[in-house]
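Labels A, B, C, D, E, F, G, H, I and J are assigned to the chains in the order they are written; within every chain, residues are numbered from 1.
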Amino acid sequence: MDKQQMTDLIVTAKAKRGLTWEKMGEDLGMSPVWLASACLGMNGAPPEKAMAITEYLGLDQGVARALEAFPTKIWDQTVPTDPLIYRFYEIAGVYGTTLKEVIQEKFGDGIMSAIDFTMEVDKQEDPKGDRVVVTMNGKFLPYKHW
Amino acid sequence: MDKQQMTDLIVTAKAKRGLTWEKMGEDLGMSPVWLASACLGMNGAPPEKAMAITEYLGLDQGVARALEAFPTKIWDQTVPTDPLIYRFYEIAGVYGTTLKEVIQEKFGDGIMSAIDFTMEVDKQEDPKGDRVVVTMNGKFLPYKHW
Amino acid sequence: MDKQQMTDLIVTAKAKRGLTWEKMGEDLGMSPVWLASACLGMNGAPPEKAMAITEYLGLDQGVARALEAFPTKIWDQTVPTDPLIYRFYEIAGVYGTTLKEVIQEKFGDGIMSAIDFTMEVDKQEDPKGDRVVVTMNGKFLPYKHW
Amino acid sequence: MDKQQMTDLIVTAKAKRGLTWEKMGEDLGMSPVWLASACLGMNGAPPEKAMAITEYLGLDQGVARALEAFPTKIWDQTVPTDPLIYRFYEIAGVYGTTLKEVIQEKFGDGIMSAIDFTMEVDKQEDPKGDRVVVTMNGKFLPYKHW
Amino acid sequence: MDKQQMTDLIVTAKAKRGLTWEKMGEDLGMSPVWLASACLGMNGAPPEKAMAITEYLGLDQGVARALEAFPTKIWDQTVPTDPLIYRFYEIAGVYGTTLKEVIQEKFGDGIMSAIDFTMEVDKQEDPKGDRVVVTMNGKFLPYKHW
Amino acid sequence: MDKQQMTDLIVTAKAKRGLTWEKMGEDLGMSPVWLASACLGMNGAPPEKAMAITEYLGLDQGVARALEAFPTKIWDQTVPTDPLIYRFYEIAGVYGTTLKEVIQEKFGDGIMSAIDFTMEVDKQEDPKGDRVVVTMNGKFLPYKHW
Amino acid sequence: MDKQQMTDLIVTAKAKRGLTWEKMGEDLGMSPVWLASACLGMNGAPPEKAMAITEYLGLDQGVARALEAFPTKIWDQTVPTDPLIYRFYEIAGVYGTTLKEVIQEKFGDGIMSAIDFTMEVDKQEDPKGDRVVVTMNGKFLPYKHW
Amino acid sequence: MDKQQMTDLIVTAKAKRGLTWEKMGEDLGMSPVWLASACLGMNGAPPEKAMAITEYLGLDQGVARALEAFPTKIWDQTVPTDPLIYRFYEIAGVYGTTLKEVIQEKFGDGIMSAIDFTMEVDKQEDPKGDRVVVTMNGKFLPYKHW
Amino acid sequence: MDKQQMTDLIVTAKAKRGLTWEKMGEDLGMSPVWLASACLGMNGAPPEKAMAITEYLGLDQGVARALEAFPTKIWDQTVPTDPLIYRFYEIAGVYGTTLKEVIQEKFGDGIMSAIDFTMEVDKQEDPKGDRVVVTMNGKFLPYKHW
Amino acid sequence: MDKQQMTDLIVTAKAKRGLTWEKMGEDLGMSPVWLASACLGMNGAPPEKAMAITEYLGLDQGVARALEAFPTKIWDQTVPTDPLIYRFYEIAGVYGTTLKEVIQEKFGDGIMSAIDFTMEVDKQEDPKGDRVVVTMNGKFLPYKHW
C-alpha cells in the first residue's frame, strides 16, 4: 500500500464517521496539523501513533505500515496555484528578506529549521471577520565555522 | 529617491546608532517585523509612521516620502536559494495541502489573506537549542458565490 | 466522485437538454459565470445551490456532494496557450502596472481581492463587430501596518 | 528619449502638480486607464493626444515624440509577484476555462481581442469595504475557416 | 468522442483511402492547411463543413460533432523540439523585431491577427532544391486609444 | 562598434531623413525585410551591400564593418511578450503540427530551412480592414539516411 | 503500430538474436548510428531500408510501415540528465561560441545543417583508456541576403 | 584583467593582423579549436602556451596571466538561440538516445568524457555544397562498482 | 522486466527478509551505497554481482538481467523537493564556487569525475546529536589542451 | 564594503602573497574549505576569525566587518553549468534517492543538516590518476511529531 492509497482510505473513513482533524487530534492527543500532514502522506508516523490512528478509524495494519513509511516529500508546482497555498508562497516572497533580518538579529547567523519544526493553526474570532493564526516553531540552527 | 536608496540610508543610520529592529520597534511602538519590511521596501508606511521613523533615525524628508510610496513587491528568485528563506518555501511545499485541509475545515471554503495580515517573530529559549516562533495572522476570506 | 467526473456528468446532461450556462443561470437565479466555474470544478457550491443544480439537471446526490467539495485550484500551464485564455494573461502583462497605478490612486495601498470577487460576461452588439464585456468586481483589501 | 525616460519625466511632473490619472483624464478627455498605460510606456499615443498630454504637463516635444513611439510591450516576470498584479494572473488561471465556456457560448468559436480593447476602473462604495470594478471591453474575433 | 479520437479516426480513414490533405482539400473545396488543422483538432469546423468531411471519408456523425466542437488549443512544449516546427519558432525569434518594424511601418501601431487569419503552403520547384512557400494572411488590428 | 551601436546610428539616420524600410529597400534594391533585419543586427550584410547602405545613409565605414560582422542571434524571451511578435509564436504553436503534416505530405520527410530562407511582408487592402501578408520561402531540406 | 511499439519489437528481436547495431549495420549496409536512430524512432526509413531491416529481424510489415513513418522528434528534458547525453549538451555549451568562430571563419556566415547530416561513432583503442570518436558531417548552409 | 577583457584584446589584435584561428593554430602548433576556446575564455592555457599566444600577438603579460586562469564555464541560455549553436543542441536532443545505444554497445556502461576531450573542425569540399566535419574525441569513462 | 519492476521486486524481497542495505552490503561484499543505487536502478551491475544479489534475495534470472542493464539516469525535478535530497542540492549551490577554488588549487584545472566515482555514508555518534558523514571519492580529470 | 568587494580584496592580497587556501588554513588554524567559503562570501566569520584573516593578509577593518556580515546565499543558475560544479549537481540527481535510502535506514526519518555542517577536500594520490575526496559531515535532524 502506498501513501496515496493510505490517504484515500483514511479520508474516506474520516468522512464516513463525520470526523474533523480537530476532533481526531483531540481524541488521539496529537496536533491536528501534524495528524493531517501524516494522513496526507507528508510526514511519517512513529509505530504507536500509526497504530492509534488506524485503530481509531477502524482501518487495518496495512494502513499503519503505510503511515510509518518515511515519505518522499514531492510537490509538483514550483509556484503553487491554489490561492490558499499561494498566499504562503507570497508571504515567503514578500517577507523573506524581513524574516532573515529579524531572525538573524535575534539569533545570530543561522536559520529556522523546517525539520525540527512544529506548526499550529488557530481561529481568532473577530467581528470584522475571523482570522487565521498560524504559529510556526522551528529550532534555530546556527551556521558552523570549522 | 527610490526604495533601494531609502533602504541603504536607513540601514546605515541604524548600524551607526547600534540599533536593532527590536529596539526600534519598541521605541516607535511598531512591530519589528512590519518596521523591517517597510524599511526594506516591501511595505509602505502611512505618513505619520514614515515621519516617526525618519525623525527617530535623524534622516530627512526624502526618506519619509520614499517610505510612504506604495511598493511594487518583486522577488527575483522563483525558488529562493538563501537557506533561511528557502525553509519557508519548503514549509509552503511540504505543509501546503495540510494547511488547506486544516484551515478550510475550521473556516469553510476560502483562504487566509496575505494582505490583511500581520506577523511576529519570537525567541523561545530552550536548553536543547533556542527556537524561532513565527506567528502569522491573516483575515479569513471566504469565496463568494453569486 | 471527483470534480472531473462531476464535470463530465454535468456537461453531458447540459448538452443532452440543449441548455446554455446563460439559460441555466437565469432559471436557477445564479450568475452564468459562477455557475460555469462551479460546474467546471473551480469553485465550490453551497449545499442548497449544489442541490438546485443537480435537481435541475436530473443528476444524483453524488454530483451535489462533488459540487460542494472545496476545490484545489490547479492550472497546468504557467503561460496559457489557448488564445482566448492567453489574451487575459496578456492583459495582466500589458496592463498590470497600469492597473496598479490606477487602483492604488483611487483606493490607497492595497489590492483587489480575487476571492471576495464576482465576474460577469456580457455581449455588446456593435455593427463593426460585437464586443465582449467582462466586468470584474473585487473587494479592495488595504495592506495592514502593525 | 526612450520610453523609460519619458515615464520618469511625466511621473515627476504629475507629482509636482499634485495630479492624479483620474484628474488628468478628466481634464484631457481621455480614459485614466489608457492615459496611465500610455504614460507608463505600454501604449503609443496618437500625435494630437501626445501633444495634449505634454502641453498639459508643461513638458517638451521630446516627451511627445516618445509618447507617439510604438512601444515594444515587454514584461519580465512570467508569473508576476506584486500581489495586486498577481491577482489578475490568478483570475486568468482560476477563471480561464470558465471565460472560454461563457464567451464562446455567447459568441461562437473565437476570442476577445486584447488589441481592439478598452478597460475602465471604477470604485464602488460599500459599507463592508469598497469594491474595485474593472470593466474590460474587447472586440469579439471569430476564427476563420478557409 | 473527443478531438483525439476524432483525429485517429480521420487519419486512419484518410490513410486507408490513400488520400492527401491536398486532394481532400481540392475535392471538398477547402484549403488543405485549414482542413488539416481542423482534422488535427486545432480548429473547429462549421456544421456544413464538418458534415462534408465526414461524409467524404465515410465516417459517422460522432466525428462530425467532434469536428464542430470549439477546440482548446494547447501545446505542451514551450520551445518545440521537432526540427520542422522549431524552425518556425526560430523565425519568430530571429525575425520578430524585424516583423514588428516592417509591419508597423506599413500599417501603424497594431498587430497581425492570428485569429482572423489564413495560411497556405505551396511548393516552388527549383533545380537547386525545391522550396517551401508559406503564406500567412492576417487582419491588421490597430491598438485603440480611449 | 558593436551591432547595438550600429543599429542606433542607422535608426537615427533613417529617422532624420524621414525614410522607411520600404523606401530604402526600393532605392537600394534590397528587400525591406532583409534590410531591416540586417540593420537591426539579426543578419550580416555582404561587403557591397553594407557599403551601399552606409553610403545611402551618409554613415561611415565603421557602420559598414559592423553590418558585415556575422551576428550571434540571441533573443531573451523564450516566449515573446510583445503582442505582434507573440502572434507568430502562437501560429507556430497552433499550426505547428499542421505545417508538419502539410509540408511533409508535399515534400517528404524533411524541413523548411530557416537559413536558406527569405521573407516578404505585404499589405492587402480590404474594406473590412487591411490585411498583413507574410510570405516565407525556405529551401526544403530532406533528412539523410546513411 | 506507433514508433514506441515498433522500437520495443525491434529491440526485443535484436536481443533475442544477440545482435549489435554494429553487426546489423554491417550486414545491412547501413551506418549503425543511422540504423539505431531509425529503430529508436528518431529517423524515418525509406521503404526499401524499412523492408530490409524488418526482413533481417524476422518482423512483419507493420514494423516496416512504422519505420517508414515520418517521426515527430520530441525530447522531454530541456537539459538532459543522463550523464552520457548531458556531456553532449555540455559540449554545446562550453564549445558553442568556439564552434561558431571556427566554422564561420572557414565557411562564412551560415550554419552546419543538422538535417543534411550524418554521424559516425568509432572506438579508438588507447592503453591509457579507449577513446570515443564521434564524427559529425553536416552540409554548410549560408545565410541568404535578398 | 578578467577573461572578457582578455578576449577583447586578443580578438582586436587578431583582426588587426588579419589572422585566422586556422593560421594562428598552424603557426603556434595548436589546434584552432582549442586555441579559439582558450582565447574566448572557455579553456585555460598552460603557461608556455599562454606565453606563446601573447608573444605571437604582441600582447603583454597580463593577457598571458588571464589565459592561464582556470575559467568558470558559464553559458546563459539553457537552450541556445543562435542557429549555429542550436543545431548542436538539436543533435544532442535528436541523437542523444542513439549515441547512448551505440557508445555503450561498443564500450560498455560508461560515458564519453567532455573533459579528457579534444575536437577538430574540418571543411569537406563538395560540389553540392561544402560540408562541415566536426570530430569529437573523448576518453571513455566506465562507471565504477564498489 | 524494466528497472522499475526490478526495484519493486528487490525492495519487497528485502523488506520480507527484514534486511538493510548495510547488512546486504556486508554479506555480499559490496558497498551499501552502490548496492542501493544499483537496486534502485541508477547503476548497472556486472553479471556476477547481479547474480549474487538475486541469489541472495531468492529472486529469478529476470531480475539479474534487469540489474545488468545499463540504466538511463533520469530525474524529474530540476530542483529536488524532498528535504533530504534538497540539502545536497543546497550544498552544491552554497559550496560550488568554494569546491571549485579548493579542488583546482590542489589539482590544477580540471574536475572531480562523477563517473569514476565512489561514495560512502557513515554514522558518527555524537552526544549532541549523531552526524551523517558522506565521503565522495572521484578521479581527478584534468582538462586537455591540444 | 559589500561581500563582492571584500572577496576582490582578499583574492588579490592572497595572489600577491602567493598563498593557497591550504596554506592559509594551516597558518590560521581554519579549514581551507570553510576559509574559502567565508572569503568568497558564502559564509559569515565570527569576529575573532574575521580579524585573524584580515591581519594575516594585511587588510583593513572594513574587510573584517564584511567578513562578519551574515551573507545572503544566492546562486544564479538553477542548474550550474561549470563542469566541476555540475558534477556535484549530477551526484545529487543520480544518488539522491540512494542517499535517502541509506541515510534514513541508518538514522531514521530525518535529514542531514546543511547548516550544522562541515566539509573537507583531500587529495588521494593514485598512480592511475589522483582522486578527489570530499567529506561532508552534517548533523542528523529527525523529523518531529507533535
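Everything that follows uses one rule, which is that a residue touches a chain if its C-beta (ideal position, glycine included) is under 8 Å from a C-beta of that chain, and two chains touch if they have at least 3 such contacts.
This structure is a prediction, so every number in the text was calculated from the model and none was measured.
If you take chain F and chain J together, the chains in touch with both are G, H.
Number of steps on the shortest path from chain G to chain I, with steps defined by chain touch: 1.
Interface comparison, C-F versus B-C: the pair with the greater number of contacting C-beta pairs is B-C. When the contact pairs of G-I are matched by residue number against D-E, A-I or F-G, over half are shared only with A-I.
Seen from the C-alpha centroid of chain B, the farthest chain centroid is that of G. Counting every residue number used by either copy at the chain A-chain J contact, over half are found in both chains.
Work out the mean CA point of chain A and of chain D, and you get 42 Å between them. We define each chain's centre as the mean of its Cα atoms; on that basis chain C and chain G are separated by 49 Å.
Spacing of chain C relative to chain J, judged by their CA centroids, is 51 angstrom. The set of chain H residues touching two or more other chains comprises 72-73, 75, 78-79, 81-83, 90, 93-94, 97, 100, 104, 110-111, 113-117, 141.
Interface note: chains touch in the pairs A-B, A-C, A-D, A-I, A-J, B-C, B-D, B-I, B-J, C-D, C-E, C-F, D-E, D-F, E-F, E-G, E-H, F-G, F-H, G-H, G-I, G-J, H-I, H-J, I-J.
Residues 79, 81, 83, 86, 90, 93-94 of chain D are the ones touching chain A in the complex. Across the interface of their complex, chain I is touched by residues 77, 79, 81-83 of chain G.
Remark: chain J residues 20-22, 32-33, 36-37, 40, 42, 73, 75, 78-80, 82-85, 87-107, 110-114, 116-117, 119, 121, 123-124, 126, 128-141 touch chain I in the complex.
Against chain E, the residues of chain G that register as touching in their complex are 72-75, 78, 114-115. Taken in their complex, chain A has these residues touching chain J: 30-31, 34, 38, 43-46, 49, 70, 72, 97, 100, 104, 108-111, 113, 115-118, 141-146.
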